[in-house]
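Next come two complexes built around subunit A: one with subunit B, the other with subunit C.
Up next is the complex of A and B:
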């Protein structure tokens, strides 16, 4: 698994796995946890998880250090992420969640920027096209210039290439709220029209 | 003593009870006789004496036989007495306890007091002589039983009657007993009400009660089992006793505190102080109350209560916060420490060591690692790093 993943210094600091009673200290601790969760999930391309998985994952369970973050504290970390907009519970029991290393609104902005810059307003895309199409090829790597088949202009490869559908949908919903897009149904699924 | 006649003790029509008194002994002249404990009743017509142990034994003297009465004051080991001088008995007198007596007077000894009032009433009756106005019928002078303690009856009827009498007696005894008890209850209630009202007055600081009286009163309440009304609310004002005690404590504790780095837990203080005193040990409550006054009295010691509730006595000059810097240093040197390890290193009790580490954590110098291995404290890298 996380071979290339670089753990932050806190991960090797035993107090990191005890919820700190001093509130100022706790604030720093939780901030560090949130950022660790997001970068971990980003690298491992994990967009969703169950709480059970989380407990046993190396994320919250440092086997070498012999420390685990207790489940009540995990819940507190997840709640922090939810408040920040990076997490959404997928069920009423709060047993599984969607984790978004970028908030949907942020994704929406990026998508819309890309659409505008490439002059593709008023076009319709299927969701698949958006994330997996040629135009948005080469998953993961940041903006690499590539020629488009459209007008021969250079396009930077968007970060949202390869984004999971759940997150994408929420990003488009955010745009929809701003009246910058509309989610529609197309023949084989869903699509979106940009304004 | 030969003027007495046996009687049932029941009052006749037109005869009214004036006063009665328990615990009265009769003397024949100066001689003690067997009638040593009885209830003496004064009616408008007679003086009646009934044995407390045996209610069957009941005798009376008509007041008309009384010449005059005297009071005899109480002495050491002697109860107050009334001396009753009597006319000779009339020839047709009914049977009584004594056929003959050389004395023309009797003495009534009030072992349970009540003599003053009785004398007053008896004098009154002697003056009023109501028996002359309202005669009682001759036939009623007759006695019911010839001898005390025996009802004259034979056969089954006799046995039944005896049983009946016994039952009535028991009944009467019980009612009498309960009479006393209900009187006691009434008195007790009054006492409790009174105590409560005074206790309230003390608490509200109304009314003129001096410090000394307050202490005395509180001790009375305590001895009666009523809890001290002046508790935590008024510790600030304290009492003389606690103030003195506080000053005493300074004397006892100054040196030991210096030896222990300026701080001691209250339990250590308690042990030390009581060991020093030897006798007249201090109660924990008194110690705490005295300590609460230390700061107010501007003494060189003070009481400090940690968040955990642990209480310590500190030298005024002792600054626990300054200790934190050195605590942090010690912990940093070793990477991390438990309370026990820290206590050992610094030479403190584990209790105080833990309090110091907790205080350092509260101030943000340390953070904790709580696991199955125990509670360890680390320098707070969350704040210092990044």
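Up next is the complex of A and C:
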């Protein structure tokens, strides 16, 4: 899956892989790293990663340049992303994380717009329906054949390209916070009602 | 010593001699002035004729422009002296350089966050040409230097630093002294410099070298690389040749807008 990913100029600049001592320069550097991480993960459709994977990924390890961002610096970049709302730690040890190139609130807004536009306020969806069985976490679930996919298959709509189930859940939680949706329990799992 | 006698007489004589010289000097000066004035008028008329004949050429052809400017310089005329006035109105040369100055400022603003306000003349040239598009008038490096000198005179903080046969243009007034500039010149070859490089080439003490490099880091002109073989390398984004091929990104273009 060789993507024609366009690396930014910083990626070929050797000092980019050293945490800069000058604070102003460091700010620029971290901003560039955050941007790079998000576009890399978006293009490679990577919604979660472990820190171990990250260390060896071409993202932080430029083999050709013989430079790699040390793990302590990677942690700093990840913390920046977390502060911006694009990253969530999946475990207490901070060994794996969810990476969201669009923040859950932003996804939530798009979802709510779609719901309103298609006149589906006050309708209930099971999470399964929303994802049309594209359950990225559960390999065993049967795939819903194309012909039976309803209008509610969020993850197949072009505007939701790149939205995975874990992020979808957080987007719905964000909507719930704004009282625009409510996550409910249905017979075989979870569902959501939009207001 | 007969002070009075010698003193008074000598002084008087001296004064008389001075007066005579002065008179002659004045006469000479007036004469010369009249002659020079006539000559200048002649020059001016000829130059006017020349300028009107070759106005198009001056605007279109960078080489021609250089020669024209040199010619003006030899008779002490600066076509860019003021916005209004004979020359800039006559030729529109002033406008040309004014517009170019604005373009230069835009490019420098857009790239400032990358290179700390330091850019090679080559890269500036490339970026300016790109910005002008295919059908605009051609612009030479000489044109850029002239425009920058004008900007400098206007107090915009621009300065021109000679390095290895070319120039570095500083658009943000960072405090750079001789030591700093000399190290920049050293870094020009490979885009980076080390303490060892400085000690070997400039024969400085370690501390002096370190101080300069620290200053460059502080001014945002250099980045630190601790994974280089041997010792720490200090890279200057402005000199990082690979950057030349980089387009100005949308974010950077936004930065250039007022």
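Everything below uses one rule, namely that the second predicted complex is superposed on the first by the 163 of 195 C-alpha atoms of A that agree within 3 Å, B and C clash if a C-alpha of one lies under 4 Å from a C-alpha of the other, contacts with A are read in each partner's own complex, and residues count from 1 in each chain.
As a convention for this text, contacts are C-beta pairs under 8 Å (C-beta built on N, C-alpha and C of every residue); 3 or more make two chains touch, one makes a residue touch a chain.
All values reported here derive from a predicted model rather than from experimental measurement.
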*Quick one: subunit B and subunit C on subunit A, clash or fit?*
clash
*Regarding the shared-chain residue A:25, is it in contact with subunit B (first), subunit C (second), both, or neither?*
both
_For A:51 in the superposed arrangement: first (subunit B), second (subunit C), both or neither?_
neither
*Just subunit B (first), just subunit C (second), both, or neither: which does A:132 touch?*
neither
*First (subunit B), second (subunit C), both or neither touched by A:12*: second
*What is the contact status of A:67 with respect to subunit B (first) and subunit C (second): first, second, both, or neither?*
both
*Overlap the subunit B and subunit C contact sets on subunit A and report the shared residues.*
9, 13-15, 17-18, 20-22, 24-25, 28-29, 66-67
*Which positions of subunit C touch subunit A when the two form their complex?*
113-114, 192, 217-218, 220, 223-228, 233, 235, 237, 240, 242-243, 246
*Residues of subunit A touching subunit C in the complex*: 9, 12-18, 20-22, 24-25, 28-29, 66-68
_Contact footprint of subunit A on subunit B as seen in their complex_ = 336, 361-362, 364, 367-371, 376, 378, 380-383, 385
*Tell me, which parts of subunit A touch subunit B in their complex?*
9-10, 13-15, 17-18, 20-22, 24-25, 28-29, 32, 66-67
